[in-house]
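You will see two complexes here that share subunit A, one where it goes with subunit B and one where it goes with subunit C.
Right, the complex of A and B next:
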């Protein structure tokens, strides 16, 4: 598969849409610093739903050890970018 | 709202928004579901909630910690008891089985392993049955993910594949004999999807979610159809278009000789196969109706084609004209006396599908596409006509509706209505609840909406408890006439309060409307009330969108008005028992031998 290029802002915009849908917060603004403690309702169950949706949306698959390391949206963006580039 | 139009990904992603919209609907039926899982169940539960909301339920869930299904059911059921579930769903997988035979297991030892595991599950079910009055839904097992012996795994006594086949047989036997236990056939569900698409090992290792989102949608849909069936909300009527739906081609243009049906071409074969599928539905009690833009005589000639599997006698209601389809479907609903929420509509034309889906509340319009070879599989996937059991009623329902048509045509020949009623030579069996009828009684309390004074729903467990409680007088009525047996059609349930009998329930199947069956029921009820020293019957009418036809029921039976709630229009009525004189004139009451 050809590697796709998406910059950090594009990925952030797509993530924001996913978060808005999954958390049912249509006005949510996401930044690289957003994390489970400063975004309402981002609990462990929502986290599973977010990762499941991100995998489907970007057509990537996280490795088991990668899932553990995601602490905020910034790390998510970097990981998605690396995954897309290596495809 | 119709969730059929959403893909699995959209359902999953927009779930909370959909949930918000679906929850805003008024009149949802509350439902308490306890989920005891062998794996993490929250995703299945989230999706199930959506489909149940779409079906008119308002579910509340209690979930066990993952893997604690046995403890929560058997050793420490306090939480389960406190939750007071209507349904307990046991969601376990091949990973939750303890007595798996080792690979060196001999033929002699094999059954011992099967029996041990079946015993463990029976213990779970029995504990639930003793502790709560809920219906149990237990899924059977997928084919295990690995067959370390390959094909021989299905043969050898130490093979996991063979073991789970045997265990599934034990589950089927239990479900066949225990009315409190319903089986969810996950074995077939996963096979249709393919276990490679079913199991999700990454999510299992990370979160103990065993199955993919696609699989969880399938599980939730199949559960929803079971729940709908439990509460009498399974669909009953399949409305079919004709041209390019039941046969290939346009009969009005091509002529009956040119339509594609039979064995001559692949296309004709495919239409024949779909007709055979429809006929198999008709034989198990689903009513078929036709709704086609055609001239009626031309449309009917299609069924006289020598290769047509479906004949006119299989069609309960036939509408072929040039009126809009949604109007014809409403006319069909009126003639069959059934709500459109029990209808499924199949048409190859997407414009007709969109129109009908938009104009008719509650009807299911599956996206069947225009490829006839796919119609049956798409209908199957919707699980619209799910039964929880097969009663004689189901198998003979079609005959009943045909007999109704014969009755309707003889109605015209009489000078007055009483003469017509006498000509029916009606006989009724009216007596107190007995075990053989409890299943049918439960079914009727859950699916009767129109002739139903209070619209109270009961589970089989409730009805069993009531039948054993001396404070209740429960009367059923079965009506026969010269055209056939209408089956058990009416129920009255009274609860003693001092020397009064409060009528919690009075319902009747609409297929015996205007037959004076309610008078006959009242006669017997009063007889039983007198024997129990009851002095007053108290009746209640609780209005719903559907039961307007019985607003004057108690008045017509000679009850006196007691109160009327000006806000809800609910009314209360009373009847003096000692002064009551029998009212039934046209139905002979069969004497029953008690014992």
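Right, the complex of A and C next:
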């Protein structure tokens, strides 16, 4: 399979749309520093909904250790980029 | 009751069963939910509105989705985490209903399974369709 070449800004833009939909916050501005502490309603169930939607949209699969290490959106973007590049 | 573990669940697994609700079931749902809309509880009103009898509550028939995932697919070890439902056609007390579901997504890392499901009348008319999200609470 050909690897994808999405850059960090493109992934961030896609993530922002996913977060806005899942968290029902149409005006949410997502940055690399966004995390569960500074984004309203990003709770454990929302986290699962976010990651499953990301898996489907980017056609990637996360491993348990990968998602346990995620600290913020920046690390999420980096992980998605690594996943896409390795496909 | 089925008791599939997360590792047992694969995309494409299916389960189906049949069910029928009575007028007494609808009356009980009206009492529990507080939804006393006459289309659901008043025979005369429902007939005047063009229905053969009171329309069963969509949320009552959709309770069969709870049974589908909580008892059969995957069963014992999951908790319902979310559900999107479209209500397509009315059904009535006494109508035989056919419930069918199929696993369409499994994430072992997130302990999440998604099931596409439908409820159809005996004439195959679609009563509702749903995407159901469940999470495993044990490994």
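What we mean here is this: the second predicted complex is superposed on the first by the 87 of 87 C-alpha atoms of A that agree within 3 Å, B and C clash if a C-alpha of one lies under 4 Å from a C-alpha of the other, contacts with A are read in each partner's own complex, and residues count from 1 in each chain.
The criterion applied here is as follows: a residue touches a chain if its C-beta (ideal position, glycine included) is under 8 Å from a C-beta of that chain, and two chains touch if they have at least 3 such contacts.
Please read all numbers here as calculations on a predicted model, not as lab measurements.
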So, A:66: does it touch subunit B (first), subunit C (second), both, or neither?
second
Subunit B versus subunit C as contact partner of A:21, first or second or both or neither:
first
Using the superposition on chain A described above, determine whether A:29 touches subunit B (first), subunit C (second), both, or neither.
neither
One more residue to check, A:56. First (subunit B), second (subunit C), both or neither?
both
I'd like to know which partner A:85 touches here: subunit B for first, subunit C for second, both or neither.
neither
Could you tell me which stretches of subunit A are touched by subunit B in one complex and by subunit C in the other?
45, 48-49, 52, 56, 61-62, 64, 67
Interfacial residue positions of subunit C with respect to subunit A in the complex
81-82, 105, 107-112, 114, 133, 135
Quick check on the complex: what are the subunit A residues that touch subunit B?
18, 21-24, 45, 48-49, 52-53, 56, 61-62, 64, 67
Using the touch definition from the top, list the residues of subunit A that touch subunit C in their complex.
45, 48-49, 51-52, 55-56, 61-64, 66-67
For the complex, give me every residue of subunit B touching subunit A.
9, 12-17, 19-20, 42-43, 202-203, 205-207, 209, 213
